[in-house]
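These are the structures in question, set out in turn.
Both complexes shown next keep subunit A, but they swap its partner, so subunit B is in the first and subunit C is in the second.
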Partner chain A sequence: MSTANKEIGPPVIELGAMGWLRKNLFSNWYNSLLTIFGLYLLYVLIPPLVNWIFLDANFTGSTRDDCTNEGACWIFIQQNIKLIFYGLYPTEELWRINIVYLILLISGAYLLIPNLKYKGWVGAFLLIIFPIICVVMLSGGLGLEAVETRLWGGLFLTLVIAGVGIVLSLPIGVMLALGRRSKLPVVSILCTIFIEIWRGVPLITVLFMASNMFPLFMPEGVNFDKLIRALIGVMFFSAAYLAEVVRGGLQAMPKGQYEASQAVGLTYWRMMALVILPQSLKMVIPAIIGSFIAIFKDTTLVLVIGLFDFLGIIQFVGTNPDWLGFSHEGYVFAAAVFWVFCYAMSWYSQRLEKKLDTGR
Partner chain B sequence: METDKSKIGSFIFNRSVQGVFYQLITLGLVALGIYYIVTNTARNMLERGLASGFHFLGVESQFDIGMTLIEYSPTSTYFDSFIVGLLNTLLVAGIGILFATIIGFTVGIMRLSSNWLIAKIAEAYVEILRNIPLLLQIFFWYFAVLRALPKPKQSLELYDSFFLNNRGLFIPDTVFGEGSSIIFYMLWLTIIISIGIFIWAKRRQNRTGERFPAFYVSTALILGTFFISLAATGFPVSFEYPELKGFNFKGGVKLIPELVALTFALAMYTASFIAEVVRGGIMAVSKGQTEAAKSVGLKQNLILRLIIIPQALRVIVPPLTNQYLNLTKNSSLAAAIAYPDLVLVFAGTALMQTGQAIEIIGMVMGVYLFLSLFTSLIMNLFNRFMKVDGER
Partner chain C sequence: MSSELMIEMKNVHKWFGELHVLNNINLEINKGEKIVICGPSGSGKSTLIRCINRLEEHQRGNIIVEGTELTNDSRSIERIRGEVGMVFQQFNLFPHLSILDNCSLAPIWVRKLPKAEAKEKAMEYLKRVQIDDQAHKYPAQLSGGQQQRAAIARALCMEPRIMLFDEPTSALDPEMIKEVLDVMVGLAQGGMTMIVVTHEMGFAKEVADSIIFMDEGQIVEAKNPKDFFDNPESERTKTFLSQIL
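Coming up: the complex of A and B.
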């Protein structure tokens, strides 16, 4: 009878740190085994990595002889930082790139901060006036000294290719998607063929084509810059992928939206611009950003046609006789930079997805 | 006058008339563009003294290729080099797909593990690998890992039969002796019989409701017959192990470092995407399915096999094939580390020598295009086959 009066406590096993451990790591014998295996894996991987990157690494000095510690030699990156970030761009002209970065940073930050006025104007500035500023500032003109694109390189070139690819491919992609879903058979067939051809081949062959075949396509005397050829290739390639993403959004639109806009007498283009596209693009924003991440990663391929993008420059400085044998540092640094960019984009897309989720 | 105007108006504003008009304009513009490109190209080629056409395919190539699956020498034709490149591409894609599937499914299931640590490790794997460019990963495995391996004399070894050094990976070779063909015939025979057993078991279950352990029976049949025939023919299959002779290994199969690095990078990178596909597929099966299956009294392994996996696979397979296709296309990055794949051999060396840019790039693109269109055809058939009645 005494047991009846005994207070029954909460099931201890579920509560507190011990409870959490037991529930999530040691719930039964094979889970415990897995946990031990996981801990062992971390033990093998993490401490040597941390030692190499931070604890045993060399941070100060100017030549390879200063790298006396066991770990990574970050002096290699420090000494080549100008090459890695700007390529062979003339040192006295670097302020031009930096100003472009600054404008981009300020207006980008303005757009990201919620609840500010005149966002539309800032956006329009970024899309229309900023590209003109970029061309003038970066390649020269209007009194600025011309800088040939073969001197462009490093992270700067990667951002240029990715940026141009992203900005130009979206409108082309939207047009292609509309064309593919068009009721006019000729338009729809042509767009489908175009999309499927670009999507069916690897980017590397597109770049080979851009650098080998484009010159043959052009009339005499017209000679494209190598960078522009690569940009055109990247642009069409990513436009085809974006077209399929956008098409997915268009297909997901309920038929009633089309019928309602036709019923109020909108023309095709007004219906698309005012009703269908705003809603369907919103639906596929995560997928669009996914494509942007893919474009950003794919820009590394331009090194096969002889452009020195971020990765290309890192490969290149690694072959400098003064700095042979530091490829690990170069790759780890490049991986870290790429990872930060890509992860930031995917993080932003997840945030946006939550914010735009209007509960349909 | 009044009626004429309205007639013209109704003609101009007629939907189908407008449609035809726009299509004619589009067609005209496209034709004009193609005409422009073709005439320019023809003139440019004439100026550079390039002959168009595929005659060059029969000409001696005069270059050697580091790794060939078929007989090839500098006296072979350009067409042979095309085949060599194609086979090398298919080889690396095949091995890559195999390993990417294994790693991807493992990591994808790990992410759904109830074990917090395991789930987090899998998540870290996915988030790190898929946010780093593939080319960088290939460079890493090739230049930073495989090139930095010890010389053959200090190879890393496993069971005295697998050797890894800076010349590549050496694995044992299987040698088929006299009478081994019988084993193959037996293997084929038992596989066909097993398929028969499956069909019969399914029909019987539909008729009577009784289950037949077709899987276990056929596995036992295939393995049993295999070992019995192996023993009966006196073990004609043997292994040839690589051996260190002088400065390098002799015997066995040599996998060049480019192949190893490329396969490794492709498999690890694609696995991070496959893991997400698998996770999404399993999560797409609603919990009610498991509960319903439990309530009708199915055992745990049957719930997995009959309820969860079939439904998850319907979601998984289409994006999975897409990833396989991506891996195959990405294998063209081989060109960056000089693995002799289709792009490097044909769109690289052969193009450089012949200058036939249009034909060669057209052929290379055609191969990839064929692969991707073929895959989407198969996928459409698969989707039609898997479609549940009444589903949208």
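Coming up: the complex of A and C.
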């Protein structure tokens, strides 16, 4: 009997495309109904969208009069691309931004390719030297003409705010989380107060404070750049959220890991850096990236203090009399670009999780 | 046996809240001595050995390890932790590091050994506990017995003068207990000063110089193995032995 069983496969009805369809889409009457309804919804939504975005859209031309087709007028984006990507940054200085992008792109790609040597050095370069290059290249100095930050704008400004906010808020968040769990009551209370205040205030309030209130507290004549004030606000705001995410990871660590580290003689900071944080940060990667994505999208709020980020400038361009009435195109374009960046972060988070998995 | 005093506990008391977990502990352990501590759960035996490397803080009395008294001074704690290795019931290997890195981490960062030397030494000890072929795997890929042997190797890599074992075989499947005990017996024969909390009475008979029975935070009886098993004095010891033998 047992030898005969080898020749029996799964029932034919469960194999192949038909089997899959039957199992997943038409397993019973309400599942079938849902499937049909879903297909109908796709039929109603997708073709008009595709038509509007691609098939009936206008891609070539230079003025609104060239938009003769039914669909989207991408000429609007095309004609304003410099504003949308770089804001009012002087055209003859744009190469400076592009070089910064290029450096970032090359070193980022280098870090993403597996099994390359000297990744540590490239990482150190990105974290230590690259920011200095950015400051000099973007705002001027060392013979480069100064470009005031009020001219910065568009996607470039969004990336600056989000990038600085994200990169600086993680270490601050980690320190705040450690501080909140500290055995020293003063440290713990101070960190807790700091975190709770920042988390209890909407970002828009933080930005208003940074832009309007903060100068009132400064001595006469001291004037911080508005962008820097906004950056500091975004950074602390994000750090407070990250602190709580990281604290969650720290709390999930088994006590045995602390004890084993202490037993082999590691001091507090080494224990944290070598044993506890690598594990607890790994546990909360999805939540950390979630915070990053939120901060990236929240940068659009800087519009309220008069900084023209990516979305802000698209709205601004839409008010140009030459291009009135093309806000749909602008918003769809903005959504697509935001989605690309956010999805990239999400993708990287999953990749990182897989890479760091040691099968606990 | 030379009588160099390694650990001295004088009138040690500890409370968890109202609970008196260590009640007037007096203990002297000489170099090379092997002490087995047994007793019912909650009797304070784990707490006792955890006080020796300051994973728990004693509240009264003195604990002196190799001439250094344990105080709140972090330097005394660091010095003692450098001399005292510990093996836990749940192994507590670092899951994000390979076995080799588990073993070389503390030598590199605490002893400041060059990386290559630390890894070489780690391999040496891994060979001694017979898992050198697993050195590049992660803890989760090893069996319980292998993990516990790796944990022993990790402790040994710091070249401690004293080893503490906190129920090292209690979390293991029965067929893996022996491989861990074998390593411990080998270590004992090599002359290591050891304090072992365990219920493995066969191990106690074989290697212990002295067996300590604890109950309700007190040392009830401390004797050499033969007297301990043949002529226990206290009723509590007798009851305990009748239950586990």
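FYI, the second predicted complex is superposed on the first by the 348 of 360 C-alpha atoms of A that agree within 3 Å, B and C clash if a C-alpha of one lies under 4 Å from a C-alpha of the other, contacts with A are read in each partner's own complex, and residues count from 1 in each chain.
Just so it is clear, contacts are C-beta pairs under 8 Å (C-beta built on N, C-alpha and C of every residue); 3 or more make two chains touch, one makes a residue touch a chain.
It should be emphasised that the depicted structure is a prediction, and the values quoted were computed from it without experimental measurement.
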| query | Now for A:223: first (subunit B), second (subunit C), both, or neither, which partner does it touch? | reply | neither
| query | What is the contact status of A:327 with respect to subunit B (first) and subunit C (second): first, second, both, or neither? | reply | first
| After superposition on the shared chain, which partner residues are touched by A:274: those of subunit B (first), subunit C (second), both, or neither? | second
| query | Is subunit A touched at more residues by subunit B or by subunit C? | reply | B
| request: Using the superposition on chain A described above, determine whether A:42 touches subunit B (first), subunit C (second), both, or neither. | output: first
| request: For A:259, decide between first (touching subunit B), second (touching subunit C), both and neither. | output: second
| Does the superposition put A:98 against subunit B (first), subunit C (second), both, or neither? | neither
| message | Applying the document's definition of touch, where does A:251 land relative to subunit B and subunit C: first, second, both, or neither? | response | neither
| Footprint of subunit C on subunit A - complex, ascending | 254, 256-257, 259-267, 270, 274-275, 278-279, 282, 356, 358-360
| remark: subunit A partner, complex, touching residues on subunit B are 19, 22-23, 26-27, 30, 37, 40-41, 43-45, 47, 113-118, 121, 127-128, 131-136, 139-140, 143-144, 329-330, 332-333, 335-336, 343, 347, 351, 357-358, 361, 364-365, 368-369, 371-373
| message | Using the touch definition from the top, list the residues of subunit A that touch subunit B in their complex. | response | 24-25, 27, 31, 34-35, 38-39, 41-42, 183-187, 190, 196-197, 199-202, 204-205, 208-209, 212-213, 215-220, 293, 297-298, 300-301, 303-304, 311, 315, 318, 327-328, 331, 334-335, 338-339, 342-343, 346
| query | Which residues of subunit C touch subunit A in the complex? | reply | 53-55, 74, 78, 81-82, 84-86, 88, 90, 92-96, 105-106, 109-110, 138-141, 151, 154-155, 158
